[in-house]
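What follows is one structure encoded as structure tokens, with my remarks underneath.
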């Protein structure tokens, strides 16, 4: 870390900072410029309790040099992580596609979707049993009954299950039915839930928060990893910006940036990222071309009657056509579908 | 609600939408423009299960006319809510000031702060026992031990206690020690926590999420109210924008907007909103002048050695001077401190 | 347009609004709901002088129904616009690639780049002679001398020229040397410059402003079209968000959205959109896959010595490899390169 | 500046960077950490031509230590700048209030407003003769005729004139009628216009761009100062964020931050910052309490018939009441009105 002193900081103030840094276990190295003095502090900032060095007299600011994450970063682990969920690999040559309805609504609905997305080439079934809804008056999910239906539909079709867990109290229950635990965007910094999912031993799909920087997202993943679980799949699902034409703004840049900073696999959710089924195809193609490890896509047999997110759900035949369209793009970037 | 049809929507598509609306219990009223047709639907959108009308053939979009919240809105309750916490009133003529350290660190620290902020005129003691930290390697709080210290310090000085609850499993425990439950910005859309706090019967301080619109914030409050608890205090603590000079951007506009839309009291947290103690005074004055019902301010006896957020904490004597400076401003807007 | 009245608006207030709307040439249609009354106003809002209907007593707000643009929108012109620049077509089956340095620096530099990007398959040469720089102390461009070099390098290699014009006073001069006038992101709402470029008769490349919504961007294009010039190429170059890992956030959603709303061709600039050459390839591939009509890419023979934007410039051999990588993706979406 | 080397950078790469820095006139100072090496470069980055050091092999990134502006910064000039416009001082003890309509519409309108705002205590008359409008179909201003009316109305009432100049070609003409040249938010990075206004010798009011950081805003001011003109008044008018309840988000934090970084006076425009006259009072009070040097407020005798921005304009009597309400707040922060 670099401590930048104010213009006019006194010799005593500088020495005081050096002393404090040494007390904290850093080696110091001071550079006196014409206007400002900076003090380089060598050591691992992650290992010391935070100290508010910026509050010491004469200090203008602190510039960190090391990344704040280690377990999920590339600095200490170069090779890509491949998350294995039974025979499904996430982060390998073959792209993963997770598809299904926003919410589990009924036995017929989830079986119909499971069958259709399996036929089209998906390997993981998505579907919410606990739904985070902006309004308390909206449908909140079928809860355990939904989990059971999801589990059965997946088993009958040979799919794996990913489903959201919203509450620390539900981690155990959801783990009984799910192959992958999903942490939603609104819970990305629900640190207790991150830990609990980390401790569950299940692979975790971690959606990016609506206003989370890539660094904060990786720090959230670090919570899970720090609990002993490195089977983490990142999922870009759009961030909040000033643009109102779309539900969110999909951050396509995040794919190459995350690939550089982290060894974890990353997939994309163009359904939430756009908020409109008409735009899902173009954005799904884009993410595959950019190097994403897979996609999560909402599919519903009858979007006009879906209890939630119908506007962004593809009909099964449209989903099947999209899967075909993605194949040559996957191939063009050295992947397969 | 208004359903806007696409240019070129057919007569049959229009009739189909009208039929569906009537099935959902709406009265319809169709206006044929030169290019587009719109269908007014009269009835309460909040009371019907959501239907994805935007998915019907020929529909371009839906424009809601009614606010999505009712319990926390002004449309049905005109007069201001005053939340009573023992003898402390929040939302009345007298402004409330909640002050204390970011985290409870030790008996000496919390007693010292409690004594000093009480002397300066605060009526509620803040302090975190469970800390939401971006990094798993940062101090996470003293937990129940911290709650006890906070409670004792408050009782000895005649202050009330506000403290954050991060997990549904902790609501009962925290409720034993706290007078007001705080829901943090990162948990503003942790819907299960909102409900659980709503059910606790305790007054709830609801911080605005980093990327929450005012409407989403009021919808989060609606969750608490819907659980039977209208003792809600809103707290503006800054939103996330592109500006990096400050930790967050304080949304001063939110004060008059929330006052117009909702009857709930609203306070401001300039410590988190700026991220730097040097800017807290100016912003605290601004929020009082704008009509906020109070402030939440971080105070620490030794900011340079605080285990968290030292950079934005005021020393007790600076806090006391700020309290003096706020008095004539409070008076200028018809309030007192 | 729909005028929404406040709950409790009086009969007289409603009639007053109806009267005013009729005076403005609208037909009105009033729908009385249980809580609010709304008044549909039929007619073309674009043709009436703005009137502050929202200021009339009893009015809560105005909801526009028609798009505010017409010349650049799909509502009145369904088929795609193809901009012809000599034998180069923009918006047709063949993708256009505009490549070259951020700034023209010397004869050797621009000739070298022109030759290399032409070999790799680009058809338009980019290069700045007038540079918008955040700092007055940065290099501001070679001005007319730069325009001449750019023009000669293009002519010798059979490329077309696109270059930025920053000032209404320069439109005539720049038009002498350029085949396409570029309006930069910071000038997207420099309305006088939009008009002047519209009047020049030259094709115009209109970059999206850093904080411009898609609607505002199309309205800026409408200014050019309204001046009699429909040869407009839109260019997505990233918007400003809270993310700091990248220079900007590329809005991939903008491709399908703009394609739906407008008939104009749209290309993408991943160099500015990411700010780092390492991420350009992935994002370039993504935009081609999403359906963009082309790319604008910064190429410099010696990025480490570029006078500006070296960090985001590709070396010529890397650019050539990218062009190869893009071919199968273009093919996969029915285009060619 | 600090150059941060990648983990694993070779000795030769490090020496190469040191060599390059010395060639550019810097003294270097290298600190070898356990994982990364950083190289401190002492010297003034502003005085060297930009070199893309980040492109050198082994370099991870560059961290600037000095502020990029100098003329407008506090580092070299400590005392506050007071801009004198005849007998009106901006930045002194007395707050300045600039008031008037969005656009000059007619002789009656501008005279009426001038008289009323003068009576209420304003000292500068605002009014647009050239209007930047999102739509080409909206009223674009009365141009020179508007300037004349504005000038006459101001002279007859003893007010100064501030009005926007949108085009470099108009600077001379506008300077004949205006006491202060206004550069609008959309032109904040119209660098040629900044220079031309700087050369005009007139005081310049520089509005903050919709998506401009405080640093970029100060750099825009630096352009004006670099052209020899330090009579600059900054104006916070709201930034673009995700919030849609208000037209913009007023950045109240900007007041103490700008006061710390720069010696220039700063005022606030709550009319544009909120977009709704109902919220102007609260936000105006807030900015005075935060330490702004004045306000710019839209006032129109008949907002419901204003040709632009009626929704955010105050009626003259409301403006007069606001001026009264501001007095005790100004006094509370040691200022007068």
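For clarity, chains are labelled A, B, C and D in written order, and residue numbers in each chain start from 1.
Methods note: a residue touches a chain if its C-beta (ideal position, glycine included) is under 8 Å from a C-beta of that chain, and two chains touch if they have at least 3 such contacts.
This one's a predicted model, so the numbers in the text were calculated from it and none came from an experiment.
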{"item": "Neighbouring chains shared between subunit A and subunit B, ordered by label", "value": "C, D"}
{"item": "Of B-C and C-D, whichever chain pair has more C-beta contact pairs", "value": "C-D"}
{"item": "Subunit B and subunit C: spacing of chain centres that average the CA atoms, whole Å", "value": "38"}
{"item": "Separation of subunit A from subunit C, taking each centre as the mean of its C-alpha atoms, in whole Å", "value": "31"}
{"item": "Intercentroid distance (Cα basis), subunit D paired with subunit C, Å", "value": "26"}
{"item": "Shared-contact residues (touching 2 or more other chains) in subunit C", "value": "211, 240-242, 244"}
{"item": "Chain-level touch network, classified as line, ring, star, complete or other", "value": "complete"}
{"item": "Subunit C-touching residues of subunit D, taken from the complex the two chains share", "value": "46-47, 49-56, 68, 132-140, 166-169, 186-187, 189-193, 195, 209-211, 216, 219, 222-223, 226, 240, 303-308, 310-311"}
{"item": "Contact set on subunit C toward subunit B in their complex", "value": "2, 4, 7, 29, 31-36, 38, 40, 42-44, 63, 65-66, 75, 240-242, 244"}
{"item": "For the subunit D and subunit B complex, residues of the former touching the latter", "value": "211, 213-215, 239, 241-246, 249-253, 255-257, 259-260, 273-274, 278-279, 281-283, 285-291, 325, 328-329, 331-333"}
